[in-house]
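Everything below concerns the one structure shown next.
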Amino acid sequence: MDEWREECGVVGIYGHPEAAKLAYLALYALQHRGQESGGIVSSNGRFMSSHRAMGLVQDIFKHEILLQLPGHMAIGHVRYSTTGASLLKNAQPFAMDSSRGRLAVAHNGNLVNARELREELEEHGAIFQTTMDTEVIVHLMASARSGRLIDKITTALDQIQGSYCLVFLTESQLAAARDPNGIRPLVLGRLGETVVIASETCALDLIGAHYEREIEPGEVIVVDAHGIESFKPFAPRPAKACIFEHIYFARPDSTVFGRNVYQTRIRLGEQLAKEQPARADIVIGVPDSGRPAAMGFARASGLTFEEGLIRNHYVGRTFIEPSQSIRHFGVKVKLNAVREVLQGKRVVVVDDSIVRGTTSRKIVSMLREQGGAREVHMRISSPPIAGSCFYGIDTPTREELIYNTRDGQVEKIREFIGADSLGYLSLAGLWQAVEPSGLGYCDACFSGQYPIEFPESIRRRQMDLFIREVGRL
Amino acid sequence: MDEWREECGVVGIYGHPEAAKLAYLALYALQHRGQESGGIVSSNGRFMSSHRAMGLVQDIFKHEILLQLPGHMAIGHVRYSTTGASLLKNAQPFAMDSSRGRLAVAHNGNLVNARELREELEEHGAIFQTTMDTEVIVHLMASARSGRLIDKITTALDQIQGSYCLVFLTESQLAAARDPNGIRPLVLGRLGETVVIASETCALDLIGAHYEREIEPGEVIVVDAHGIESFKPFAPRPAKACIFEHIYFARPDSTVFGRNVYQTRIRLGEQLAKEQPARADIVIGVPDSGRPAAMGFARASGLTFEEGLIRNHYVGRTFIEPSQSIRHFGVKVKLNAVREVLQGKRVVVVDDSIVRGTTSRKIVSMLREQGGAREVHMRISSPPIAGSCFYGIDTPTREELIYNTRDGQVEKIREFIGADSLGYLSLAGLWQAVEPSGLGYCDACFSGQYPIEFPESIRRRQMDLFIREVGRL
Amino acid sequence: MDEWREECGVVGIYGHPEAAKLAYLALYALQHRGQESGGIVSSNGRFMSSHRAMGLVQDIFKHEILLQLPGHMAIGHVRYSTTGASLLKNAQPFAMDSSRGRLAVAHNGNLVNARELREELEEHGAIFQTTMDTEVIVHLMASARSGRLIDKITTALDQIQGSYCLVFLTESQLAAARDPNGIRPLVLGRLGETVVIASETCALDLIGAHYEREIEPGEVIVVDAHGIESFKPFAPRPAKACIFEHIYFARPDSTVFGRNVYQTRIRLGEQLAKEQPARADIVIGVPDSGRPAAMGFARASGLTFEEGLIRNHYVGRTFIEPSQSIRHFGVKVKLNAVREVLQGKRVVVVDDSIVRGTTSRKIVSMLREQGGAREVHMRISSPPIAGSCFYGIDTPTREELIYNTRDGQVEKIREFIGADSLGYLSLAGLWQAVEPSGLGYCDACFSGQYPIEFPESIRRRQMDLFIREVGRL
Amino acid sequence: MDEWREECGVVGIYGHPEAAKLAYLALYALQHRGQESGGIVSSNGRFMSSHRAMGLVQDIFKHEILLQLPGHMAIGHVRYSTTGASLLKNAQPFAMDSSRGRLAVAHNGNLVNARELREELEEHGAIFQTTMDTEVIVHLMASARSGRLIDKITTALDQIQGSYCLVFLTESQLAAARDPNGIRPLVLGRLGETVVIASETCALDLIGAHYEREIEPGEVIVVDAHGIESFKPFAPRPAKACIFEHIYFARPDSTVFGRNVYQTRIRLGEQLAKEQPARADIVIGVPDSGRPAAMGFARASGLTFEEGLIRNHYVGRTFIEPSQSIRHFGVKVKLNAVREVLQGKRVVVVDDSIVRGTTSRKIVSMLREQGGAREVHMRISSPPIAGSCFYGIDTPTREELIYNTRDGQVEKIREFIGADSLGYLSLAGLWQAVEPSGLGYCDACFSGQYPIEFPESIRRRQMDLFIREVGRL
């Protein structure tokens, strides 16, 4: 895959007679954050019920399944497999059972010291059944001396490093936590008396909840019959919100880190037009994520915005290619060029980012050959990606990024993708577009400034072989 | 469902070693024309192989299935159930077997005299296993005196009335036919030596075939080892291409009836802006089909085009609602309003049509309540729908159309949907936008001018009960 | 497969509020007569409902399926594929729909003139969707001038030749028919007011119905609100009940043709012991079908009956063999020898028949090598099979039968299977065991005396290729 | 369920290029020991592969699955759920992963101190994902100081009490262990150079391996590239083989605890005839498990052995009853009475045991009402069951056993089941039949002499609620 993939979405519901159903709807709105597996754990105050499976939310949760998830509290999760193989047993929420009670946890993010913690726990006799960071967190919680949920949570959070948005469920309490740098988004909303926690506001919108505020970086909240209690167990650290949520990951109708994503992308396009103008006839976007930036580019440049690439929205996971090669086949399954729009035109095509470059190359070629474009000027609404993400995004290694394989030279990248010109948004321009408010962002993948240190071992872990499982169980 | 649904898509391939695979890809591109079932029949010159199932093309045809569809010829079909219940046995292509050979047929359209023909055939002892018009056609073909495929086809076409694009397959021949009025689209393309027939050009694009021409109204072509032969067995009739293909049905990247659909929709929006201007701040479209018209409206009016409604592209067939009512729930599953774009604005929202009005009403309300729009001006890029379609589109009865339930008064419709103003494109404006070329169109659903007469019985047929089948077998 | 397989079982229920459920239970009891597919059509007097699928009865009919088969009347069917490929569309009951009403039919048997009738019907324009004889019958019924069910049935029966037990269902009537020679079994029972028709009495037993009588050869009965009416539309013909039902097909707890099957098999074994005695220590049967005959052999010979072969009752359809050959693997999956019983013994092993001889050869070898038997004397409780069946049993062609490949010489067969001795029951002995009552039997597979003549074409038909279907749809 | 159910079967293979395939075949032969789930873990010396699922072995392991289980070593498991809910996550083998290596374990038996060990481990911070005893064993192994497999195993075995046959797999070693009392069976066989471990010899037979010896009580063996090494880490304890394996659990063709099961059952029937004779005409067995004892009874009594009850071998897990009651319905699904055999007869019916009595009552009634038996004399080839099993069999609680609900009075039980007479085998007679060799047996369910003490808590555990899982995941 020639794109970055969001790792996960989480949701928590407290105080609604159909908590699992609301969790299901919220996960449905967060589907873009993880299409590999989904799960919900609910509690009615006496016992917990769970269902997890591979696949899309709407395929996993049928009516009869939801009936078997009773209770007024629930947490849910959708995921890609950043760490841990693509297996059902790695689906979340992770649930455990002990004589002192049950606990379920769902996690969006990535712990940079998970391996070290795990080895230490194994030294002391712990055994692991999954390869998920979440299991490490649960082990650390089990080692807390106090039985109070907040104490268990802080015991674990004291030891872990990395990015995390966590939701917790016991038989009687819901909790949520966000890492001190606030790398991944997490918001709090209300639907009447019901408390709703979710990765993005679009989940609140679907269930009709109103947005109240972000869970703050370093904040832990516990919700139970006594209401919401907020804890700040850590010394404050600088905000390092993931800037890529704005560029690509989040849904355009969501508000993340206090800003609407669609409007931010329009601004990115406007800024891009100022920095990287092009002599052209029309502007088109690579749908769907590149379209708002293309609209912004068109506005700032005065060029006409057109839809020159049409997306097939029935694209699924597997696709059978004919053995006789058809040119640009892979990209044709998703996109088609509109010849009547492009024919003989000088075309600016705006995309959000270039990862390996192979898709961009196919798009440029399709615009020329199938669309008949006279010139193709590619514009990217973010700076060149120069490094991997270790905070919860599934990225290629540094060596696979086209920016590195082409020696950090834009001209060589342009040559590879075959465009007449290529222009990236500058890092300064990116900050200007997203940060009039002064909030801090993590831009490590562009700048190499990683806000959280990580062990040398971190790359090796991803290579690790685990017990292979047949199929997806 | 508060929308009109296209009924079917067809494809035919001749002269490619992987004919079934190309048919599969072409059906994939035509998925929007029928998402209920799909099927392919192939032939290698000696025997025919077939596979049909309920569901989406990509779920039906896996690698191992395609391996079992050998041969250099194939026809394929995707469908909604305009006539005949939603059953596997009603999936097409329809195949039959006789001591004089095998035959498979796929049909896009609707026969207005199918019931009469069927009753007559039954009088003479024929029995039917499905409720499809296609089975009637095959019965008529079986009654031909000559064994030549073209004779069988013309024998059947002589008796049927209505709209049809048909593809036929025998062990050694491929054929295609389009009704004399040319109501539904059908095009001919080439991939090297391979002949490709498809409902829309987007199917040609995906497999890399180039567009050659339309199959003409009233034309029958037969393709075999001797090449393509064209027949015109009927007296010419005026072209009556379905105007709704441009407004809503066809994919924007397709060329149908000689015109690009996306560009036509832009023109519809421009015309709409001229006829039905609005004092407003921004223009938005109802995605995805209303977006090009909204862009055209923005261009002609000088207002800013924005994306104020975001579509969730993971929407599937079934959806579980919470029993506690959430306002506008149904539409929220598909669409979300972007408050930051809409708040306090006077908004023009452009959609392609209004059928029952319930969806429009929810959208208006969502724009106001969730989006915070100050004013909502709805503009429709086609005239009011006043009548049902009997030529292959799955429509509500005349009595269910809001235009009729509100006495044909736009003001009453506006009141129902709750907009500050409502404006439809005029019929003259519609013709102006689509017909500078002088081609004839069927606009019966707007004008009541039905180009093909139909028996009184036609509506009753749709009420008919058939043997009920459990599940979807 | 090295055995003969029963072709089908049928059932009809009239006058019970849960008719489909009773049909399901009856089919369950008849599962041994057909494990490939099953189907039920029910009627509540207003409309008919149906469900058919590939697989075992208990897997096909779940609770929710049965709920969708309402009504007080139902017919059902289980089948192997004697004619027609193994496809869902060939599953029965066959249902058709016409403006003059609906009809469903299920058939156990085989028409010898089906091909001729079909060709004639096609001459007159009929088209066929399946390869089943049943479709021919329905076509013939549709040609009747009268609309009365009995007239339609007799119109069809007048033209067909072969073996048949048929059950019919319309919206308001149930009917059943048995061919004039009474080749296949069909019985009538009652459960209170409910009329039950079934292939074997074991189906009556399961639902608690009592056995009333056989449907007589050549009899047609029609059941409706007015009660049961019996018709004898044909001149009487000599009874030709299939003698193999006693030897192998029917369940031992059933009464067929007026005789209990288990007891008949005991008698076959007793007769076999008289005709083909053996100097031996113990008698064992090939489970399960050979066990009663082995018990009879032991009784008549005075030898001890033992269970020296144990059957694995979890055997399913597909089995994966190790690529490294294990001796006698195929038979080991089904049977295991008990060494402690067999070691050093002279063993009589009784089986019901030998078809190709390959299984017998493996059993003999297993008894010797794994079981340690000193001598193996095989005894068969029927005469050598010398001819195929054309009346509804799925048999190998004449050329594949070991009796023919070994020139009709028992000694050569013995040599092939590797037994120390081999003895078949004589044809006279078989008749003596089954026919003290004087009922006539068809013994064509042993004697070559075929009671119903059949066209030359009959064998060719079975070779015929039909449109191949992918998967089992 | 009115019967005792075996808990599990295990298998281990070392030294065969298709180890997983042999494990699959062996599990297939052991299917009667557990039909709820199955699993295999294989190793090729470098990595381990696993597959576990709910269902029957033949449905779980398809060809493509087995291809993904490469390696020359494998262990496998089939199970019922004695402890732990019926969930996929409770399917075995249990596999874990650590920085010091991988380990998989499969267990047949039941630990009586599992709860205490688990609580203690949780005190020290261990967390559990399943409710299986096996997970406790793996935790204990992880606490071993030495890294050698034998040391890990003995560390765990030192602490656990109860019955166990265990097979272990690491990347390079296979191991097996049997508890010091040898309660459950475990045998060692060879197929050429390949080492095979299995619960019963019927598994060896199917794959063509020859039986070498039992794994001895208290023995641990480790198999690797250096061959087999045997360890006896415990002081010897008296043999306490489960006597019920002979009476009911094991397959009749197996040799367990050094004796063939079929022959032992014949002897039980002979002894029963001596102790509990009956004036009768015929002897029948309740198939399949009661048949050998019935044969033994017939031999010793001189009465004729008949098959008066026929079993339907297509019985599956779920069955839909008609809502209108049919008498004895439940048992009719499995068994049918042969009236021609039973009518007017005085019948001895032999079964292996009576648990709750409800099934026996239905059988007696069926023999009388449907079969027409004049007298019914029930004979049981084991003593009355007076206590539950805590060593690995899924039994009702003491309070549910009919022997206890009827105050230990045989006459009251006879009255309940409605037989004319009822006779059990005596405990002395049971021992006489099974133990000429002097081997020690556990007969606790009859005698109340439990050879291994168990905590007071043990019954409560079985009531314990675990996190409920929807479906069977």
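Read from first to last, the chains carry the letters A, B, C and D; within each, the first residue is number 1.
Note that in this section a contact is a pair of C-beta atoms (placed from the backbone, for glycine too) under 8 Å apart; a residue touches a chain by one contact, two chains touch by 3 or more.
Everything numeric here is computed off the predicted structure, so don't read it as measured data.
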Original post:
What's the fewest number of moves from chain B to chain D, given that each move must go to a chain touching the current one?
Top reply: 2
**OP:** Tell me, please, which chain's centre (mean of its C-alpha atoms) is farthest from the centre of chain C?
**Re:** A
Original post:
Could you state the distance in Å from the CA-based centre of chain C to that of chain D?
Top reply: 36
Original post:
So what's the Cα centroid distance for chain A and chain C, whole Å?
Top reply: 61
Original post:
Using the average of all C-alpha atoms in each chain as its centre, how far is it in Å between chain A and chain D?
Top reply: 49
Original post:
Going by the touch rule set out above, which residues of chain D reach two or more other chains?
Top reply: none
Subject >> Every chain pair in contact, whichever chains are involved >> reply: A-B, A-D, B-C, C-D
Original post:
If you look only at chain D, which of its residues touch chain C in the complex?
Top reply: 16-18, 21-22, 24-25, 28-29, 31-32, 35, 56-59, 61-63, 66, 202, 205-208, 251-253, 255, 260, 262-263, 288, 291-292, 295, 299, 304-305, 307, 310, 312-316, 318-320, 322-324, 326-327, 329, 332-333, 336-341, 370
Original post:
Which bits of chain B are touching chain C when the two form their complex?
Top reply: 41, 47-53, 65, 68-69, 88-89, 95-100, 102, 104, 118-119, 122, 124-131, 135, 138-139, 142-143, 465-471, 473
